[in-house]
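You will see two complexes here that share chain A, one where it goes with chain B and one where it goes with chain C.
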Partner chain A sequence: MLDWLDAFLISGLFGVVQIIGLGLLVHLQMGLTRVANFGVAGFWGLGLYVFGILYGKVDWPFGDPWQFLVCAIAATAASALAGLFVAWLISDLDVDGALVGTLGFATVIFLLATAWSDLTGGAAGLGGLGFPYDAGPAKTNEFIWFVLTTAIVAGILAYVLWVHRSPYGRLLIAVGTNEPLARSLGKSSTRAKLTLFTITSGMMGLLGVMQAVMFRFIIPANVTINITLAALAGLILGGITRAWGAVVGVLFTVALFDIVIQFYVPLPQEWYTQAIPVAREAIFGLALVLVLLFRPKGMLGEMKRPQLMRRIHDFK
Partner chain B sequence: MPETAAETPTPTTAEAVLTISNLCSGYGSVQVLHDLSFEVRNEIFTILGANGAGKTTLLRTLAHLLPVTSGSIGFRGTDVTHAAAHETARLGVGYVPQEAAVFPDLTILENLQVGAMIGDRAFDECLEEVFQTFPDLRSKTHLRAGNLSGGESRMVACGRALMQDPKVLLLDEPTAGLSPLYVEQFFETIESIHRTRNVAVLLTEQNATKALGIADRVMVLSLGEGSTPVDAAEMTKERLKEAYKL
Partner chain C sequence: MTSSERTRAEIHVRGAKKSFSGRTVVDVDELVLGDSAVEGLLGPNGAGKTTLMRMIMHSIPLDEGTVTLHKRDGSTITLSELPPHQMVSNGVVKSTQVVSDFDQLTILDSLLLALATPGDESPIRWKAERELAKKHEEEIRHQLDRFGFGNPNEVAGSAGEKKLLDIVRCLLLKPDVLLLDEPTAGLPDDITQLVMSAVRELALGGTSVVIVEHDLEVIWELCDEVTFMAEGRVLMKSDPETIRNNSLVVEKYLGADHA
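Showing the complex of A and B:
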């Protein structure tokens, strides 16, 4: 049934969907609330590793799907708690401080993944993971998992769109634009930021869980800064303040390189392992510079609140 | 935590809404306000002063956006010296800063909605009252606040504070930089808000003539020190010069 679908293409599409999900969550943090986060890989990686360790190393008295569900919930909760802790640490810092703080957290996760080899498998990696179902060939299982992950990311997009329309979203924008003024309106800005960071970090952890199952093997190289950069590049190119910014931006960056060029542009074979990965990062960087110079609000432009309000309230 | 504004009765004119005692405040090690003591009743209390006198620092301190170094702040008999800014707002203190007074990415309606996040009154009822106070806003609710003129921004900021259903309104130089037409209109509006909505107003101004025209009592702030508050009618040019230390 899935003969037309290449296993590598499923993997590429899965990666695109993952980065879109992360970009959407960073949009809520940085685009609305202006809480800088350079540690996306840390929250995502924590979910990935906590799930991997719990699923692969603990002898559970029950099997799948309960084993998967328990481990996934625990990993998501671990990322959410880490998000709460990091948000508390950086809540009074400026953008520079928040960037350094979150990057530091991601570095700690990477170092733990590498050095705590008894638990994480170190550089050799952590295996023993699998799908919580068996629908037949590996490709079929992977395709089902890709669809499930896409559904989760669609849920994240729906959540982002809801936040844009909700009183909570307006509070986040107010906090991001002018925090002292927002504090003088009767709502705790600190609580709003901690809540948002906790929820979004937990969702990043859940995406990490989906990654762990899809590839059934975890190595420290999974949790490097590359995933943070991919999410940020896509989001900034698309438009950091727009709900659809991450979707559009990631399609023009990660999807363009990892799917269109990899699968549909006939290039010499050796380019795929050497030239393209380097060109990918260089072109991402160049595109970021050009967009920030000539269209600083990203491809979709600035936040379109008047249009949104017209739709909601049907102003004449 | 003290009770919320909605649960407390409206004060009579003689009752103090705000009581400031020996207040000192500033920025880090720089002390700007020195030993200020006064009270605001259900009235229009105006604080006059030149640039750098400490007017903005005073209002930011009363809104709890700056920490109190020493002294105390009371709100309707309750000590709120160490309350957080959002707790003060919930008590019924509405604050309208002089600069960056609106959320530019939000529309006018959204700015007003953000102001209505607290309080028990129906949103539509509060909104209608704001539209009656500032009729110009009614037809522009979907516009981005960042695209408004100075006068329109002040209306939105003031309207947002009114959506909180405040018991006292802290207005930081609301007419600074506005055209003479807007200035006249704004002073009339402030007076109307106080009279019709029974809201105490603490107003800082540089425009002494206009401010004295609507004020019940007045105090002059000079280099962080306050003069003794007097009835506005008693504030002669000579007393004003003396208070300004000219």
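Showing the complex of A and C:
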């Protein structure tokens, strides 16, 4: 079984699924509610590290799966609280303010991961993590974890699709497109943003937990802006206002490059260390520029409320 | 009805001042709105009518003074201490003078948005959309038919349609006090008539309506009382006939040649 899968392919697919999940969550924040978030790596990284520290450094009186569950819930909650706090800081700021605030938060997380080495292991990294089960060979364990993570991301996609069809989503769009008008209709835009960031940041933290377990070892280089940029590039490319935007966009960037090109196109071995990472960023950048030039709303285009409303209601 | 209850909600403006870059734009000592069913607020361009309404809604802060709401149940609340989004839950609603809409939302979206309560808008309430549409189905159909909206599943197109949508959103909020800032500007005559009859109906139901309008026909026809403002001050408040024939109003606003 699973012969067709090698460890690289699993980790490549895992990365794609992670970025899709993050892109979907950013879609709710930036695509619908128009609150800029350049701190994705921070919320995700906080979950990753809180889990890593709790799981790897604390002596728990019980073993897995309880140990995993308790640590995962705590890490998710930490990210959710951070989301609430950052949203409160930026809720009255304009796009530039939100951008600086969220980026600043991610920078703080990165610096803490690097400098607080008693806890995080610093640049040397933090180990002692593992799967909360043992199903045999490493590859099987990894595959199971990949399937679980995919299920979580599918759940996030289902939630995003539901949001588009709910009064909650309508509220987010209203706040995003005309905040003063939404307020004049009695909507608390601040409350909407705080709830949104609490939920979506918590989910980002949970994705970070899944990542920590998959790689068993975490280093500050995991939580750099690269992951934010990958999620944003994919989302914008696919269509920032569309529910499926992140899925389509990430398939055409991260998946296409990290999996199809790297695994199935025969490239000279010596390219992998130097040329490929640079080429990857350059190609993502170029794709983004081309899309913004020729299809500024992304591959899927504009938000399509008329079609959606016609499908769910029968007012004529 | 107990002695403290009143037929209509009233807004009391006291010592309200607002200036922009040193220039006083609103300076109202004492004004009661809502003591009659439909009240007009009249005055030349720049008199401060819109600014006063925005001060009442607390969408701009007051430099001085207070705005209080005397509710129909007899209780009183200081509006000038509340954030703007809490006006609606206290029954105070305002339409906007400048055409304002949500870019992406359809007409139906707009109506459902106005109707949805915070409970409907919970981030985890599974069946909220269907329940919301079902609960208000009749009301939505009624408003769509009455104003002859085109396809409710499209985004409002013309400025007129957006303006009308703004008013319908306000109607759906079932206000106790409704402030209308030039509601019929830019609307065709037949729609203007529809809006006016909707306003009358609302007033009959106990809502206090305050209406700013440069279309004087609308004012004379609808209003039981008219307040006249110029240069930020309330100069007089009286019945439409008296206002119409007052020499000061004629001089400052109506012009000598008005019919």
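As a working rule, the second predicted complex is superposed on the first by the 313 of 316 C-alpha atoms of A that agree within 3 Å, B and C clash if a C-alpha of one lies under 4 Å from a C-alpha of the other, contacts with A are read in each partner's own complex, and residues count from 1 in each chain.
We adopt the following convention: a contact is a pair of C-beta atoms (placed from the backbone, for glycine too) under 8 Å apart; a residue touches a chain by one contact, two chains touch by 3 or more.
Note that the coordinates shown come from a computational prediction; the quantities given were computed from them, not determined experimentally.
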| item | value |
| --- | --- |
| Clash or fit, chain B versus chain C on superposed chain A | clash |
| Superposition-derived comparison: chain B or chain C, residues of chain A touched | C |
| Partner chain(s) touched by A:Q274 [first = chain B, second = chain C, both, neither] | neither |
| Which superposed partner A:N226 touches (first chain B, second chain C, both, neither) | neither |
| Chain B versus chain C as contact partner of A:N178, first or second or both or neither | both |
| On chain A, the residue positions that both chain B and chain C contact, one per complex | 167, 170-171, 173-174, 177-178, 180-189, 241, 302-303, 305-306, 309-310, 313, 315 |
| Chain A residues within the chain C interface of the complex | 162-163, 165-168, 170-171, 173-174, 177-178, 180-189, 191-192, 195-196, 199, 241, 302-303, 305-306, 309-310, 312-313, 315-316 |
| Residues of chain C that touch chain A when the two form their complex | 57, 59, 83-89, 93-94, 96, 100-106, 108-109, 112-114, 116, 118, 120-123, 125-126, 128-130, 132-133, 140-141, 144, 151-155, 169, 173 |
| Chain B-facing residues of chain A, complex | 167, 170-171, 173-174, 177-178, 180-189, 241, 302-303, 305-306, 309-310, 313, 315 |
| List of chain B residues in touch with chain A within their complex | 63-65, 84-86, 88-90, 95, 97, 100-101, 103-107, 109-110, 113-115, 117-119, 141-144, 160, 164 |
